[in-house]
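These notes are about the structure you will find just below.
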Amino acid sequence: MDGPGRSEHGNGGAVTLSAQIGLQLGALDLQVDFEVQPGELLALLGPNGAGKSTVLRCLAGLAPIDSGEIRIDGTIVDNPVTDTLVEPEDRSVGFVFQNYLLFEHLSVLENVAFGLRARRTPKVSKAKARSVANDWLGRVGLADYAHQRPGTLSGGQAQRAALARCLATNPRLLLLDEPLAALDAGTRATVRRDLRRFLETFDGMRVLVTHDPVDAYALADRVAILDAGRIVQIGTLAEVTAHPRSRYVADLVGVNLVAGTVAGGVLSTASGATVVIADAPDGPSFAMIRPHSVALARVPADGSSTRNAWRGVIVDIDRLGDRVRVGMAGQLPLTAEITTGALDALALQPGEDIVASVKATDIEVYPS
Amino acid sequence: MDGPGRSEHGNGGAVTLSAQIGLQLGALDLQVDFEVQPGELLALLGPNGAGKSTVLRCLAGLAPIDSGEIRIDGTIVDNPVTDTLVEPEDRSVGFVFQNYLLFEHLSVLENVAFGLRARRTPKVSKAKARSVANDWLGRVGLADYAHQRPGTLSGGQAQRAALARCLATNPRLLLLDEPLAALDAGTRATVRRDLRRFLETFDGMRVLVTHDPVDAYALADRVAILDAGRIVQIGTLAEVTAHPRSRYVADLVGVNLVAGTVAGGVLSTASGATVVIADAPDGPSFAMIRPHSVALARVPADGSSTRNAWRGVIVDIDRLGDRVRVGMAGQLPLTAEITTGALDALALQPGEDIVASVKATDIEVYPS
Amino acid sequence: GSDDLAIPTSGSDVAGDVTVFAAASLTAAFTEIGAVFEAEYPEAAVVLNFAGSSDLVAQILQSAPADVFASADTSNMDRLVSASGHATEPSMFATNVAEIIVQPGNPLGITGVVDLANDDLIVVQCAPEVPCGRYAAEIYANAGVAVIPKSYEENVNAVVTKVRLGEADAGIVYATDVIGAGDAAQGVAIPADANVIAEYPIAAVADAANLVGAQAFVDFVLAAESQSILAAHGFRTP
Amino acid sequence: MSKRRGGGESLPVPVLALAVVAIAFFALPLIGLLWRAPWSNAWTYLTDDDALTALRLSMVCSLWATGLSVVFGVPLAWLLARGTFPGREAVRALCTLSMVLPPVVGGVALFFALGRRGIVGQYLDQWFGITLPFTTAGVVVAQTFVAMPFLVITVEAALRQLDTRFEDAARTLGASRWYIFRRVTLPSIRPALGAGAVLAWARALGEFGATITFAGNFPGTTQTMPLAVYLSLETNPEEAIVLSLLLIVISFGVLVGLRGRWMGRAEANMATVVP
Amino acid sequence: MSKRRGGGESLPVPVLALAVVAIAFFALPLIGLLWRAPWSNAWTYLTDDDALTALRLSMVCSLWATGLSVVFGVPLAWLLARGTFPGREAVRALCTLSMVLPPVVGGVALFFALGRRGIVGQYLDQWFGITLPFTTAGVVVAQTFVAMPFLVITVEAALRQLDTRFEDAARTLGASRWYIFRRVTLPSIRPALGAGAVLAWARALGEFGATITFAGNFPGTTQTMPLAVYLSLETNPEEAIVLSLLLIVISFGVLVGLRGRWMGRAEANMATVVP
């Protein structure tokens, strides 16, 4: 049962992950190709149904691929052509599932101890396993729930138990499917901190699926944007967020992304809107406008340094702390970020007309 | 089968919810007492395991209460003393569950049509039900998945299907248990907008459980903070967030909350830290410090207008868009919010020493 | 000449288990006989295995550990002998005559076979595949009546049970069964000219493990003491 | 290529070994029957009128028995799984009554209940002129009595394993208990229901003791296949073997046929929350 | 107060009605037996040595049969539920063989397989000197042959209903298939396993035809309770009734007793993801 996977990783040396994954699954046509370096954490982001969870299942060996090859630390763990397939239990992967999957017939403690007891190498005594499990429960703040059934835990508690169960086995390749999704604001920060602390002392590589940009920013070295089974953007956080190339990323970073064609310092969109920009080469381009550089007014502000102004209707007002994000529909849909004060001053309401203006110099333009 | 609940609400008139809930469930001792006015939306926030989902189950009639009384539109639907209990199916509640609970043996479309077909009044033809269901699927962007099995949907898709299934029955009392939790950044904003649009045309009252402050800000009229089965704070958003009275709320709003005692313009904490403040009455008080009014430096900034400075160690760096939240541990744990530029300039790393300073005038103090 | 293979038996060397396969209808009688036999030969122990005659044949042919086979009819004995031979020539140790079994007090006033032809009557009898069924057919033929029973039972005991429970009004069974039923049922004799006689053969089987014991038991069954026991249960001597 | 499929098919060796032994245990007797079957004149036995009549009757009765078992057994199973009333355990035990009862005694017990002189039977007779013994209806009753427990116990186990939160969800959607039962509960226990029905049907098909005792044995009305087989054992074991094989072949056909339609995996897993 | 408890106990009326009919259907024959039982001299029958011996033998054998059914049946069920191999349907059907087979024929078939002249039996005899027919071991074999299918089919249905993602989770935790089988799969099908074992045990306890044919009817070694009952039907139906009642009482005791320990609801719902 002790496949190449586990034994080779046993030494705790650095490992590499290279994955070319081709898989047809229902409506999903998955075609991704990426590498993860030792000690690196790759975050998979993308809309629902993009195939993020499926990618993780492939890496874990739970979903054998149709084409391509997955190599961990030089060992081929999945290759349909040579008919190679290292079973999940021999891959030494750790998998934190999107929906917990705790064993209902075991106590929370026994759940966390499960992985330690399960593997034959290294053999762990029951007592040892339990004490290790207890440590982990402590770290995720479930010490008091050790002897309850998972079923009596709340959503977030269950999620944390699942996290502990996986981390306890000290896997070589760590796969996290939205590990913090169900945690409340308070706990999330703490667990994220613990998680990062663990990851720092972790020499394997990690793939993280998340919807929360904060998680990605806090934990990931590189980000891959997955959409409809394809990687549309991959690179360091800086690269990806500096120049969003998809609506999804723009939303994630919280900026406005305008696609169009530049001609003589003016970018015109498909919808016919025009954006006056600082110098930029002609040709199809993206324009990125930060919400807080968008000013709102009831009437066009004449004689201001601003040279861009668009009319629109307010569709959305999201308050966030002492700032407010105002969504505007119109020829050029925009999201503006203003202070609560400004909002109260303008007394804005959804459905009202508004004028948004942006300094040309605040607009970043790059070829698409 | 047609209980008082449904028939009375049938007219679509305004309704009121008043709930005194006492319930002992495993580790949870639930004791809450609140009212929701017609057209009002109450958001329940609180840490994991606080009892939020349980409260909703009580309101829906899925968990009969041990003591107290639940009244909907004047009708007593649950009262252990008089042994009254209106069954869930007769309460005309809509419940969006924390974990979907879609029927695996029905197609997504049939799931959404279920509620319409299930109720005898008003009787809805199969065709009618299906068309209504289709509309709803369209609204949550699942039109293409109408004939798939829920099992083949991704997490977020399933969540949206569940949302549609509930909204389709046009319930009089709407209970939402983290309806947006599993949605990705892009979809969430859209669905939230749809949800709000629906809620605006909804004359019943709604109770929403969420972990996401943005949801609460965007959707809720009032917020109740639930902790360990008790409501620790309740009121309008302004009230609750203006003067956080719990760690949880402070985290939610994203501000620093310092509890201590004011004596002669100085607030001293249990840990011995002192905070110089603008005038405030003596006595036990809370001090609220906004992260972006916290300045960070490597050395104490002498001769500045700032009169507060604390040493500490960086434990946490969360990048969020073009801003960075820096967590500092020390005698006075603080979270500061600075620009990416400032971060790069200071080249801060977790574990390094740092000095945080705040203008006394930026500190808001109120008696606890 | 029933004694061509006969082995002289004296109490001394009759010992060990004597396994007797006997027809189920002999249960009561053979249980008693077995006890007396053991009293006679203290060294010996009688092991009784009761079942339908044909089941017993099947078992013996599957080399069940049988020493003696007592059948409720000649045909099953013949099947055994023709298939696996025998240690001693089969000899008749009892006969049985058919009777009509009816409710206690004979409420329907059934006097003879002729009355059974009445369709309002619930008559049950054995299936033609089993001996008592064949006998019933013969009896109807002899009496010159056509009786259509409600059911062809698997064995005579089933017939008795149905009448005892009052589910059936009448049936063709053995005289011994009527006696066995006690006052839960009562019998209507069939005149000898229309009646048939069932013969019960017994023999030591071919590869009997305890041939001496087998021989002794066969002889004992044929002896007076056993005959009186059989008589007490309604059997007649051949 | 099997390996490629992943999933559960590469079972642990010890388990596999045990499973193989179990299969052999069931296969050998069948092989034995085939081995000893008189192929030369098998056809004559099969085309024998009585055999065919018995076969037809067996089919009709066993299907009726299965139907009744489902109609009455599923509600009973639900009551046992969800109801809370004193003596529930006793009722559950009561359902296995006909399994522990020697078949013949079972038949006798049926007489006591439904026979001409039975507790209820006498009134059925007096008031409605209905008599069950010695009728085809009686066969169905006897078979149902013996077969239903298998359905009840199988379905009840499934109901207990079912996640009740799905029914909660249905209730908040305004569905009555009855509607939920039909549209949510039943569909989600379909595999177990199928299994239970198969068990019940097979048991009814092979039922012998209770049938012959309660319903008797008359060609055309109450003589089912097992009875025909049993009796031919008395005179003609060869025929018995052939008829048994016929019985087996037919049940195989039905089982293999039903299987796909009844016990799909997709329907099985009601508990799927997300893929 | 029952209303306060909420949950499923207020069943829809039609269902309730059907369930009640079903219960009556099982209760009446039992009442009938009790009604006709000869209480006056019941005690003498019960204390009769042969009866007690038969009872002891029945218990021992049926428990052995149940044990064997579990040991071999669960792996088989797993193979059927998870394995993918040609002829899986056929194998599944094969398992119901002994249910459709008239018991007596089943006994004959066992002879062909394990008898002293049987396909395998002859070698058991020659090489190991093991003979199964007409021994207590033979009784266990006959009962297992008849009882195992009930366990196999029940457990298989449960395995299909089981959410395999939990096993996936266990695999990623480094658990071997065998470990998962023991620590995850088995515990989560406990209710079904319990139900299946009960079915098998009850069936074994009542087994008559195959036993008397294959193992014979020797007091002390192969005469189980049903056989004793059968014989006393010949000589003394009253005794038969009393013994049957004894059989029922005992199985009731065991079932009601086991129930709590075996079929808890908590264990049942493996699929709970959050409360």
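Order as written gives the chain letters A, B, C, D and E; numbering starts at 1 within each chain.
Here is the rule we use: a contact is a pair of C-beta atoms (placed from the backbone, for glycine too) under 8 Å apart; a residue touches a chain by one contact, two chains touch by 3 or more.
What you see is a predicted model; the values in this text were computed from it and never measured.
S.K.: Suppose you hop from chain A to any chain it touches, then on again the same way; how many hops at least until you reach chain C?
M.R.: So the least number of steps between the two chains is 2.
S.K.: Among all chains, whose Cα centre is located farthest from the one for chain A?
M.R.: For chain A, the chain whose C-alpha mean is farthest off is C.
S.K.: Could you let me know which interface, B-D or C-E, is made of more C-beta pairs in contact?
M.R.: So, comparing the two chain pairs, more contacts are at B-D.
S.K.: Just give me the whole-number Å value for how far the CA centre of chain D lies from that of chain E.
M.R.: Centre separation, chain D to chain E: 14 Å.
S.K.: Between chain A and chain B, what distance separates the C-alpha centroids? Give it in angstrom.
M.R.: 22
S.K.: Quick one: chain B and chain E, Cα centre-to-centre, how many Å?
M.R.: 53
S.K.: Distance between chain C and chain D based on Cα centroids, please, to the nearest Å.
M.R.: So the centroids are 37 Å from each other.
S.K.: Can you pull out the residues of chain C that are in contact with at least two other chains?
M.R.: Residues 58, 161 of chain C touch two or more partner chains.
S.K.: Scan chain D for residues touching two or more other chains and write them down.
M.R.: Within chain D, the residues that touch at least two other chains are 5, 10, 108, 111-112, 176-177, 230, 233, 237, 269-275.
S.K.: Which residues belonging to chain B are in contact with no fewer than two other chains?
M.R.: Within chain B, the residues that touch at least two other chains are 53, 61-62, 87, 98-99, 152-155.
S.K.: Can you name the residues of chain D that touch chain E in the complex?
M.R.: Its residues touching chain E are 2, 5, 7-12, 14-19, 21-23, 25-33, 35-36, 71-73, 75-76, 78-79, 82-85, 89-106, 108-114, 118-120, 144-145, 148-150, 152-154, 156-158, 160-164, 167, 176-178, 181, 189, 191-192, 194-196, 198-199, 202-203, 205-206, 208-209, 225-226, 229-230, 233, 237, 240-241, 244, 247-248, 251-252, 255-256, 259-260, 263, 265, 268-273.
S.K.: What part of chain C is in contact with chain D in the complex they form?
M.R.: 52, 54, 58, 122, 124, 127, 129-130, 149-154, 158, 161-162, 165-167
S.K.: What residues on chain A touch chain B, complex-wise?
M.R.: 26-27, 46-50, 53, 98-99, 144-145, 148, 152-157, 160, 178, 181-187, 189, 192-193, 211-214, 217-218, 237, 247-248, 251-255, 290, 315-322, 327
S.K.: Quick check: in the complex, which residue numbers of chain C touch chain E?
M.R.: 24-25, 27-28, 47-51, 55, 58-59, 62-65, 157, 161, 164, 180, 184
S.K.: For the complex, give me every residue of chain D touching chain C.
M.R.: 108, 111-112, 115-117, 133-134, 212-213, 215-219, 222-223, 227, 230-235, 237
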